[in-house]
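Here's the structure we're looking at; comments come further down.
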Amino acid sequence: MIIDVFYPVLLFLLLLAGIWTVMTLNLLKSAIGLALTSAILALLLFRMDAPLAGVFELSVCAGLITVVFISAISLTKPLEGAEAQARDRSRIKRFIYLPIIVAIVGGILYALHPHLDLFLPPDSLETDVRQVLWNVRRLDLVGQILIILAGVFGVVILFKDRADTKGGTKS
Amino acid sequence: MPVLLIIVPLLALLALNLPWMRLMNRLALWVGLILCLTQACLVIYAPAFFLEAPSLWLGRLFLFEPSVDYLSLVMFLAIAIVGAAALMVCRYSIHTAAEPGTCANNRFLVINLVILALTGMNGVVLANDLFSLYVFLEITAVASYILIAAEKGRDAFEGAFKYLIMSAVATALILAAIALLMLTAGDLSYVNIKLAIMASPHSGVVLAAVAMLVVGLFIKGGLIPFHGWLPDAYSAAPAAISVLLAGIVTKTTGVYTLIRIVISIIGLSDTLENLLLFIGAASMLVGALAALGQSDFKRMLAYSSISQVGYMVLGLGTGTVLGIAGSIFHLFNHAIFKSLLFVNAAAVEQQTGTRDMNRMGGLAEKMPVTGCTSAIAFLSTAGIPPLAGFWSKLIIIIALWQTGHIVYASLAVLASLLTLAYFLSMQRRVFFGKLATGFESLKEANAWILIPACALALITIGIGIGIPWLFETFLLPIRSLL
Amino acid sequence: MMLPVHYLFSTGVFFIILLTVTALYCILFSRNLIRILIGLELLTKAVTLLIALAGYITGHMALAQTMIITLIVIEVVVIAVAAGIVIGAQRHNQSLDVRTLRNLKG
Amino acid sequence: MNSRFLLEPIVIPIVAGLLALLFRREQGKSCAWFCTLVTAVNLAIAAYLFGKTSSLVLPWAAFGFEFSLRLYHFSGFILLAAAGFGFLISLYSTAFMAPAAPQVDGRRFLNQYYAYFLLTLGMVNGAVLADNLIVMLFFWESLLLTLFGMIIIGQPTAFKTAVKAFIISGVADLCMMIGIGMTIYIAGTMTMSQIHLPVGTWSNVAFIFLMIGAIAKAGAMPFHSWIPDAAVDAPLPFMALVPAALEKLLGIYFLARISMDLFVLTPRSWLSPLLMVIGCITILLAVMMALIQRDYKRLLSFHAISQVGYMILGIGTALPVGIVGGLFHMINHAMYKSCLFLSGGAVEKQAGTTDLAKLGGLRAQMPITFICFIVAAASISGVPPFNGFFSKELVYDGALERHWLYYAAALLGSFLTAASFLKLGHAAFLGKPAANHAKVREAPPAMLIPMIIIAALCILFGVWNALPLKHLIQPILGEARLEGHSFAGWPASMTLVLLTVLVLIGAILNHLWGAKRAGNGLGAADHIHYAPGLHSLYDKAERRLFDPYEIGLKIARAIARIAWGIDRGIDYLYDTVSVKATYALTAGIRKAHTGSLLAYLSWSLVGLIVIIALIMGGI
């Protein structure tokens, strides 16, 4: 069990990272914030006895997806000067409400304190993740192959004109 | 054996992408067509193929026993037919890249993705486990995003982006529901979840999961008010892809999945029943009204699609055998006649270079086959006897009447009138009347589009006449599912 | 005293809901297409956490892990495709503003 | 015999009919022989099927509705008769409709003519064989279409007549549809062979509706008025085939079925006098009209109506003798009336006109036609020993047993029939040859052969009446109903025969007197035509003032005018309120779709929240 002080703290950090990701004015910082969120999530996963999922989260989400975002940001040219300032101002106006809303929702949830009845099923006999992944959920593996194929086709179609700059990011 | 419906296309796809590009470029279309036609033939002539248990080595290889019933068979047939039509339209409307030998040949990739989407849909139909369902939903969806954007027009990107965002939100909802259901059942197979739900039907977790699942599927199916992406995606997609999307993709990922989940997992409570009826009726009416005001050919068809999905959900909402059978039947019919209409839209768009109905007129004179088949399709959509659409609408309306939802039944009839109205207006603006200026040298589309158009029209007529056979063979067995 | 399982669950769900609110806010009110995608990612993070929580509480962590792995693979593909679409839209509109995506309407 | 063989007489003509449409206009001759071949095959099948008993049930739809056919003595008999007429008239058509004949319209659409011909045959076979009321109705209604098609390919003016025929038959068929619906409801089954309804209020009503359908098909009054018009407009073989033969067979067949099988018509029921009165009125009024006609074909067509009266009268007596007489008269009528129409066709083709005033003295030029005409005319007038005499005597017997008034009416009809045929024969074949007909020749063999065969059958069925009565007609009623009687041989009552002969002699005397008075054969009936009191009635009738169709049209027009007025008002309401509202809604919906992702997403999220609240709250 992971019932110690780290559990709520990590969750709180996750939320903070998320809010920062959304609120920050700089798009690049936002992408990095996302990576940070992923990393915290990976930590949580590690602590929930899900090391394989944690590794995946850390390497793929915090790593690969951030790369994708940063490449996308660098491929598009940012606004400059007065336009950028105007945008930032309107962004602040729009996003200043986010922490307030989060606080209100949190308050409401805390006040209501909804008691969800849990009818838990019996524990699983199978605990080895590789066993499950390879033996039980083989159809999902086929699905993964298919979706990776789809991703390859998609990247080829969508980035065809810029195959040299972007083609390599997709595994 | 049905797992072959996924494995064989996968192997075919892998083989197609082996290095012999020139050969494969030419082969791809035929491979796709053969896959579709084989699937259709198997459903019609050898349904036992799907119903029998997997052979030993396949079973050992995949450890997966899909549950196939008559509902799935109908879907396999619809997927195969629409898939074949879409592939043929691909051949017609999507041009090869300037450098035909290279790997980045657009048509080749599009055909690959269409096969992928079809495989994904087969998987959706086959799945007997919520997470596998999600995986295949995503495969279909991702293939669709790419396909919509494949021609890289401005509108195409816009439509694809809207579809992507809405669909991703839907996916998140479905996943959250899956997580909550896993919390209750500890497992994700339909059977176990059903048992778990039956054990605790009123637990808040289950209800929240049901609500999110249903909403996610509403978004995927494009029901009012979750439909915002649908007209944009349909009208922006390349012609062939609209055929696929409107004909089968949203119907499989949205409506079929909804029906499957309702009858195999969550069952119909009174609240859910009323919700489905209300959403169905709203989609039906709003879709029809919106279609009435369109001047873009494909956009009108898209709204019409929303309206027809409304009928299906309405049929499901009755909760009776007749209603659900009518709903499935309408899904199948809709797959046929809506793809036919989009095939015709492709022909018209390609030949005239516009989709604006106000600029067309009298095209039937120059494109008689297109005009004629589109008349058949729209009569079927509007529910004119003895075409296919009439029967399915009739069954749905009878089911509504039997369950005492007389208001909904009359709304369904009203929407049918609206359908007739907007299609008549379409037919008049596009095909009848005086030939619009500038189209004097218009030619009929070529065989790649006329063959699917005629075939689909024949199917519509054939179903209308052969309704007793269809009803006995495919629809009444659905009774055993409930 | 709350049962540990309930404590785990309600705390987790509390933060998951808040994270979801944040993500949805981002998706709804961002004007930058890339930022909308980032919001989408945050939403997926929330869902991932929910799955992990469900697996952990019920003792089906192995199943949950396989789900998460599959989910991550799919997520990457979706984001790659979405990035392609965003870049394509940007090339046409010379802007990343979501308000330029209003050509299709009515 | 494989019971699926029963499908052949339906499928073969229909398929062949559709194939006939494929012939091009120039291939009229091959089309004609193709059609003759098919009818010959059909005849062979019918002959093979005759006397056999079989039934076929094919499940057709999910609603407990079956496609069932039943072959038994009666249907086999009608099938055979229809096939025989079909073959003979098709043979006749090969010559009559030959493209060389300039005066005949309809040859422009020769392929259509033969297509309708074969389709009609197939539909009649289907209607006769059907054992399910709905299936029968299907074939029965399909006949409407071929009827319409057959008439419309005639003269340029035929469109009006075709519409008239269509509407009259349509109204009658509508009645029949109601009747069938009621019957199915009362009996609880659609299978004809299982329906035996006793007399009752509702079954009487159902009977009347069915009867309307049946007698309208047979052409009784008041559903007759399209026949004389069609006689002028439609291709002549059509007249010989459809109103003279097939529709009589079918209509009387169904009338006999409903009064013997489906319902139990007894002499005590008030339906029996109703039928008899309809029969008498039809006999008298139609023959009165026939008497004054001055056109060969029109005159015949009124007789086609009048003779139906005898059949209805016979069946309406509900006595075995009357029913046997009525059915015997049906087959006799089909024979001599087709023969007469065919002779009319021969005259039309050879002399170029059917206007009696322009004809005359054809006896010498067309001797064979003349002989056939004499035989058929003698038959229809009831001259012994031709077949018409025997069937009429049976009907008289039955009528007299019910009331002498019916008998008197029938006898009067017989008198007028004889008179009108004397007039017709005199005007067309005797007298002075018309000036411009010097070169008229006898008709070609393909036209003569059918006439000769039918005329020979008329004599055969008269002289040896035991053959049709014992083998064709009486088995229909069955031994139980006949109670051991047999009606073959010379009529039982010598008194009645004597009276008949007296009437015929009276008719001849009347004709001779009238002809002498008028100076020619054509005017032989003028003294009746211009008799005080009758004259003005005849005038009005000729102006179609009594035509139920015209009256109906007038009423319909008046109703339409009123309805139009009301309709305007409602229409206005629709126009302003509903259409505008619809378009306002549509415009509103369009405006709501701004294309903004934010809007679409927020709709979805609001929907999500509402639905979650709904479902979670609906605990």
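All chains are identified by letter, namely A, B, C and D, in their written order; residue positions are counted from 1 within each chain.
As a working rule, a residue touches a chain if its C-beta (ideal position, glycine included) is under 8 Å from a C-beta of that chain, and two chains touch if they have at least 3 such contacts.
Remember, predicted model here, so these are calculated numbers, not experimental data.
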| item | value |
| --- | --- |
| Intersection of contact partners for chain A and chain B | C |
| For chain A and chain C, chains touching each | B |
| Chain closest to the middle [Cα centroid of all protein chains] | B |
| Taking each chain's C-alpha mean as its centre, the one farthest from chain D | A |
| Rounded Å distance between chain B and chain D, as computed from the means of their C-alpha atoms | 52 |
| Approximate Å spacing (C-alpha centroids) for the pair chain B, chain C | 27 |
| Euclidean distance of C-alpha centroids - chain A vs chain D, Å | 83 |
| Between chain D and chain C, distance of the C-alpha-averaged centres to the nearest whole Å | 78 |
| Shared interface positions of chain C, touching two or more other chains | 9, 24, 27, 29, 36, 53, 55, 57-60, 63-64, 70, 74, 77, 81, 84-86, 88, 101, 103-104, 106 |
| Chain A, residues touching no fewer than two other chains | 114, 116, 118, 120-121, 123-124, 136-137, 140, 143-144, 147, 150-151, 154, 157-158 |
| Chain B: positions in contact with at least two other chains | 131, 135, 138, 142, 145-146, 149, 152, 161-162, 165, 169, 183, 186-187, 204, 231-232, 293-294 |
| Which chain pairs touch, all of them | A-B, A-C, B-C, B-D, C-D |
| Of chain D, residues touching chain B in the complex | 60-62, 582-583, 585-587, 589-590, 593, 595, 597, 599-601, 603-604, 606-608, 611-612, 614-616, 618-619 |
| Chain C residues touching chain A - in the complex, by the definition given at the top | 4-15, 17-19, 21-23, 25-26, 29-32, 34-35, 37-39, 41-42, 45, 48-49, 52-53, 55-66, 68-70, 72-77, 79-81, 83-88, 90, 96 |
| In the complex with chain C, residue positions of chain B that touch it | 131, 135, 138, 142, 145-146, 149, 152-155, 157-162, 164-165, 168-169, 172, 175-176, 178-180, 182-183, 186-188, 231-232, 235-236, 293-294, 299 |
| Contact set on chain A toward chain B in their complex | 114, 116-124, 135-140, 142-147, 149-151, 153-154, 156-158, 160, 163 |
| Residues of chain B that touch chain A when the two form their complex | 3, 6-7, 10, 13-14, 61-64, 103-104, 106, 109-110, 112-113, 116, 119-120, 123, 127, 129, 131-132, 135-136, 138-139, 142-143, 145-146, 149-150, 152, 183-187, 196, 199-200, 203-205 |
